[in-house]
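Next come two complexes, and both contain chain A; in the first it sits with chain B, in the second with chain C.
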Partner chain A sequence: MTSLPAQKSKKRLGLVIDLDICVGCHACAVNCKEWNTGGYHAPLTDTNPYGADPQGVWFNRIHSFEVANDTGGRTVHFPKSCLHCDNAPCVTVCPTGASYKRAEDGIVLVEEAKCIGCKLCSWACPYGAREFDEDVGVMKKCTLCIDRIYNEKLEEVDRVPACVSTCPANARHYGDFNDPNSKVSQIVVERGGYDLMPEMDCAPTNKYLPPRKPQSGVKGASLPDADNSGGFLGWLDRLLSD
Partner chain B sequence: MSTPSPDIDLSPEVSDEVKYTTCYMCACRCGIRVHMKDGSVRYIDGNPNHPVNKGVLCAKGSAGIMQHNSPARLTNPLRRVGPRGSGQFEEIEWDEALDVATSWLARVRGSDPRKLAFFTGRDQSQSFTSWWAQQYGTPNYAAHGGFCSVNIAAAGLYTMGSAFWEFSEPDWENTRYFMMFGVAEDHDSNPIKKGLSKLKGHGGKFVSINPVRTGYSAIADEWLGVTPGTDGLFVLALVHELLRAGKVDAGYLARYTNACWLVIQNPGGADDGLFARGEEGNALCWDRKAGAPGDPLTGDVSPELKGEFTLPDGRRVKPAFQLIAERYLGSEYAPAAVADRTGVDAETIQRIASELAQAAFEEEVVIDVPWTDWTGRKHDKMIGRPVTMHAMRGISAHSNGFHTTRAIHLLQLLLGSIDVPGGMRYKPPYPKPLSALPKPTGNAADIQPNTPLPGPHLGFPRGPEDLLVDEHGTPQRIDKAFSWDTPLSAHGLMHMVISNAWKGDPYPIDTLFMYMANMAWNSSMNTAETIKMLTDEDPETGEYKIPRIIYSDAFYSETVAYADLILPDTTYLERWDCISLLDRPISDADGVSDSIRHPVVAPDRNVRPFQDVLLALGASLGLNGMVNPDGSPTYPEGYKDYLTNHERRPGVGPLAGWRGENGEKHGQGAVNPNQLDRYIENESFWRQEVPESGKYFKNVNKDYLEFAVELGLLGDTKPIIHQIYSEELQKFRLAAQGHGNVQPPDDRRERIETYFDPLPIWYAPFEEQQDGVEEFPMHAITQRPMAMYHSWGGQNAWLRQIHGSNRLYMSRTKAASLDVEDDSWVWVSSRNGRIRVQVKLMDGVNDDTVWTWNAIGKRSGTWNLDKDAPEATTGFLMNHLIDELLPAQAGGYRYTNSDPVTGQAAWYDLRVKIEKAGPEEAKESSPHFPELKPNIPLAERVSPLRYGAGFRKKKGQ
Partner chain C sequence: MHPAGSIILFTTASGLGYGLLFITGIYAALVPNSPSPTFGLAALGIALGTVTLGLLSSTFHLGHPERAWRAVSQWRSSWLSREGVLALVTYVPAAYFAIGWVFLDTDIGAWRTSGILSALLAVLTVISTSMIYASIKSIPRWHNCWVPATYLLFALLSGLLWFDALLRLFGHTQQNITLLATGCVVVALLAKWAYWRKTDNDAPVATIGTATGLGAKVTMLEPPHTGENYLLKEMGFQIARKHAVKLRRAAIFLTFLIPFCLCVLTLLTSGTTATFSAILAAIIAQTGIVVERWLFFAEAQHVMSLYYGRELGNEAS
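Here is the complex of A and B:
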């Protein structure tokens, strides 16, 4: 079995995903695949890509569903990738040390050379965030774009995960949750960011922002008539006479 | 137990080189960075400096690698050897392909140029392809606008000199109230997502009016699941409420719209409903100070908006606004009167009107920038009404879409919210007055063998005299555009070309030449019949009814098998292109822009960019402007050469940036031989900021108008006054009433009189007006998924994992009443046919509506997908249910299934009934066409696909 770092990591890098403005466009999912198929875990294999049942490795998937609520229901677009948990069960279950959590920044990674493809980690992950590459028989997963975020060969502005950089709705934010002044920490406080399935005790790093309260406007109001005498045209007459 | 901490390379090489170009994965035209490694595309992301997307990129754009490397790419020119539709071709060399095309085209051009129909689909080089067609001399040219959004374009241009999407955008930073009509997830994809995010971030309200709650509607503060085709009625009820309450911007209406222009009241007369005009032709208003007619454009009159007056010559007149008030205060537009029909209850309509009024009049936006109007009046601030609207396909694709769009513009104008802070904003080169737009060309006198057409094909008729009809009113174009059937068909009617050509109505053609439009599949109504038309033979001659078909596409689409000669195109990363101000601009409200594509990868197959091919054909045909007096081609280097050296008029070419010999001029200037280098240095785009004082009120803003004239965007600095009341429409109506030299045939009069109302009207979509419609109680529509652009996206290895099949979505409550369960198979029937599809139930859909994703279904054996691909086995097209013609009128004539004003394809008028399929029936979609078994060379379908494996650094390297 594999140990989590003994000390809490100095940084806790992760994502905030804003469910108020995610329109479910899949930009993050496809851009992630595009970056990562040539990155740390390359390739993100697609089995039978032009066939009857195409199956690919995706580190980030969008689930769309409806929920009932008191204002008549809502359509939810829910992007899901590895949440880089503090108590990552996918790490502690790993028999070979392939699955590990980085001490420096809390990112959960898989070292492919050590992975024996036993899939225990995917059974252990309550979020279903792991992706098995059948072609090579190893587990792959979101790396938080570890080959981007520190990459000195990229402009500083580009040193963020691909999903964050590409999101057209600005529904994804990246940063250090250990820094109370970071954008991610602040936005979580302001908007009530929450943990996914806290009852699983995984202590996920990634947070989700709930939908804002809908702007309701002036409830139930109907406009009064312009004028009691002469109606609208009478009103207009007086307006223009002023 | 161990705590691993392996060394990993945190700074791997990403690329050898980054090239900046323009995306073509949809019509949004975002700037992209293409990261090249070892000669292959490693990664594509958004260009942070680009005016359209500012660094973001959608799912489609991010899947560009898979498009570029698709095994569906055509690889070589082809000539058909088996029967049409068999998919049997032989490979030929380009010289031979061009010779064949030249011989066909030369023969037609030398005898009757009308017999070439050249239609270019989702072409982004329309200013070039239309110019080519004009030099060829056929009247039969258009792109795909007629089956896309001409209702939006035409209604906008006839009303406010602009239109939703390409010619305008919401003032996202300042708007407080945003209403989006009939937009699922399509145009204008990235800017809308960015904008909605801004709007919600600053607490503005977002109301989505759409029968289906997906995509953008999912994040709306309020979703109104309107009944399809009734949006116009809903909007006019809002107009009713605002008028009733006096919540209109009278100052804005009097100054910047024609609401004060005097309309002649002379029922039965030839001038009834026209504007009273002064000696110099200017429309008049009634000046309340002088008690006499005045010129509303001088700025020193006090125009009346109401009343009835007598001109000195005795004619009775009313300000247009009086007519507006009289009409929309009528009880038929009261919320209670429209609630049942629209599916939006009266209280909600009243509340929305109230919210609009509050945002517009209680939450004024003030920008502290002085500006000067066209009369020289100084305004020390820019004051705006922060209400904005946007509409697209859901409004456009109905037979009442033109008037519905006009109704939305009426609502915007009553609130004073066009090109003001917080409102909808113009994107240069728009606004343009109608007088600056071309008129259509293509009457008999304009067409001679071996002779160019004297003007552009597509335009904007001002009255009946601009139609393309003969003295009997017979259409002159193969698509019957600009005829009495659909007079303002400014984008043509591509959806009618095959049907009309097959029938020989109004005449047979010889050669159909198409580019980038899947007309044998998802881009045609009535797909099964269309396929029959393409393969139908004339029993007398044994020739196909459409004798020759030339097709250019980059991919092995369903249409390839039906063409006789295939000219394979490149992908968007392999060619030169330009996004021109002469075409469909990419400007934003604060700046004028254009851009280019340039080859970032060399083609690895025997394919050529279509634009290069067209220039080569032009040269071999000897077309004006494409061949020098000595017979040599004018643009020997192809489209790249044309982009630099072509001038449409002196100083104006395809690209506006870095003109002048040394690149010192913008907008207008001499040819700059190094212009394309300058574009590439500047990340493939050019942008010029609009002066601060010219950023709002552009249509009447002196500084903007002067800026536009200097750049060559406008010819003069005259104000562009919003045409709420359309005199152009009234001219057609007068013709129908028996006035003027050009009148409709008798059997067209009633239709013209009804639908050419100078003010917005609402009528039931044509399908609902048919006898027997009660047999088909449900509406059926499609929505565009965000991660797909037509059939192109459907073969993409990554995108098809997101939308590889489609279901028929319907409401849970409606399904229960029909005993339909989730995942059931059902038959969907219309008056035109039936399809068998699988159902998915949901809550967020109008109860009387079913819908599906657009263009997912594919034909077995095409696009180099496995014959059992879900696109072909469970995916389906709604197109089979849609007839391209309406049922016969008295007398037998069948009109196009289109908007009667513009010819916009009425895709969403469809009415259907749903019946459960039998338990014994196959669990696959129907109709299922025979598998196409092509004999042409396509790349191997690699499986598994390990794209990117080669980029990974091996351990120790």
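Here is the complex of A and C:
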């Protein structure tokens, strides 16, 4: 049923992405592709992979932005994948019931066998989180690695989404947002985690942590004032100033 | 948004069909002596034919057309599903209406009633079609009440123009229908003008700053991929502003100004000239509606484009 679950799910599983730490290495996107091309939505088709115009299905993509501020600006690497919204418009538009939100943990999934490939869900998502597999003719999306997080064949430490397990900078965190004591809940409170595009009223589960402000008291090295110095530098300064 | 040929054909052909079904149903109920069975066959044949053509065309857009039957299941939440259900339900009274008119040589009320029922269902189906688009908040140009208004008026316009042309072709000339069509041209133009005015002037619903949460001065440094992808092909479609202006002008001429003049010509003349100009008006307006529908998709920006560094309202110049 493509109506959203009537009651709030017991668990709300999702990700916290730390924009202060992300170095834009794309490892999360690559590991996501690697895991998921053999996982629930296998394969993540690539068309013309070795040609001049390679294209393919990815669930996680790393955008890079430049943010201007008082002291100049900074580069912010910005990984984006499905936010598993509470108020997911991609679910309610689905005419077949293929797109649904799980009542138990809030994960938004596509059941491929029911998908007719009308693409309406990808139009409804404001975040561009769903990608159509033209080869298979169905819509595909991030599953929060549902085939890892509940996989008892894996070591417990590995039961996290592929993107989280691979991040070399520890910029990605996974957990239950309904548990106020979970790491993700606490880090969001501590660091002011926020929703993307709140105007769309999607109530995304995933949160983003803003880049930290530059620390006060740390100044860039300044050149020694040659004016007041005697010796060789003073002599050189006087010579060049004439 | 990518203007897919299959969807443009779907919305314009089914719009024509439902418009024609609507006006035929109402006309049969209101006018005591209905025109000949051959006229009924032509009008309802074209109406149901174009509706069917449109619905079949919409399945070509699907990745899995053989699963299309599943689309009637989620009518509680999905406008696309509602549209599918209503389209199928409409066939039942429409078929009885057509059979009654063409084959049952009696003036019984049952097929006239089913004509009114078909007209009502035709309106509801067109509203559902328009709501597929109007319900999508991520596409600001579509998320407003002018979308259902223009879809309904455009369906009525093509229905009226074809109905008028057919009446004249079969020798059942009705000046009132031509007058109605002329009025509909004007109202449809005003509605489309209001749609453009509103959607051109609306403040952007979101910015790159709110999409990323990074504040007011954010620009894209690097896209996430060097080539194209599904998102950019489907939702990042860009139309050059100068082309959009030209195409809007073409849509206004073809859908409104030329058909309006031809309608006036039809009213002022009689016989072959009037019939010919009524047919021409219907054909030209239909072409204009296709251009308008192409623009409806091509001009619509998706908020997802913000993540690719394109602010809303800044079409490529």
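Observations
Just so we're on the same page, the second predicted complex is superposed on the first by the 215 of 242 C-alpha atoms of A that agree within 3 Å, B and C clash if a C-alpha of one lies under 4 Å from a C-alpha of the other, contacts with A are read in each partner's own complex, and residues count from 1 in each chain.
One rule holds for everything that comes next: a residue touches a chain if its C-beta (ideal position, glycine included) is under 8 Å from a C-beta of that chain, and two chains touch if they have at least 3 such contacts.
These numbers were taken from a predicted model, which means no experiment stands behind them.
Applying the stated contact rule after C-alpha superposition, one finds that A:Met197 touches chain C and leaves chain B untouched.
In the superposition on chain A, A:Tyr40 contacts chain B only, with no contact to chain C. Shared-chain residue A:Asp147: touches chain B; no touch with chain C. Shared contact residues of chain A, touching chain B in one structure and chain C in the other: 1-3, 29, 53-56, 58, 64, 66, 68, 73, 75-76, 97-98, 114, 134, 211.
For chain A in complex with chain C, the touching residues are 1-3, 19, 29, 53-58, 61-69, 73, 75-76, 78, 80, 89, 91-98, 114-120, 122-128, 131-134, 136-139, 194-201, 208, 210-211. Across the complex, chain A is touched by residues 1, 61-65, 67-68, 70-74, 76-81, 84, 132, 135-139, 205-206, 208, 210-215, 217-225, 227-231, 234-235, 302-304, 306-309 of chain C.
Those residues of chain B that touch chain A in the complex are listed here as 1-6, 8-14, 37, 42-46, 48, 53, 55-63, 65, 71, 185, 189-190, 193-194, 196-197, 200-201, 203-206, 213-219, 221-222, 241-247, 250, 254, 288, 302, 304-306, 322, 325, 329, 347, 350-355, 357-358, 786-787, 795, 797-802, 804, 842-844, 864-866, 868-870, 873, 941-949, 951-952, 955. Looking at the complex, you find that chain A touches chain B at residues 1-6, 20-27, 29-31, 33-40, 42-56, 58, 64, 66, 68, 73-77, 97-98, 100, 102-103, 109, 111, 113-114, 134-135, 146-147, 150-154, 157, 162, 165-171, 211-212, 214-227, 231-233, 235-237, 239-240.
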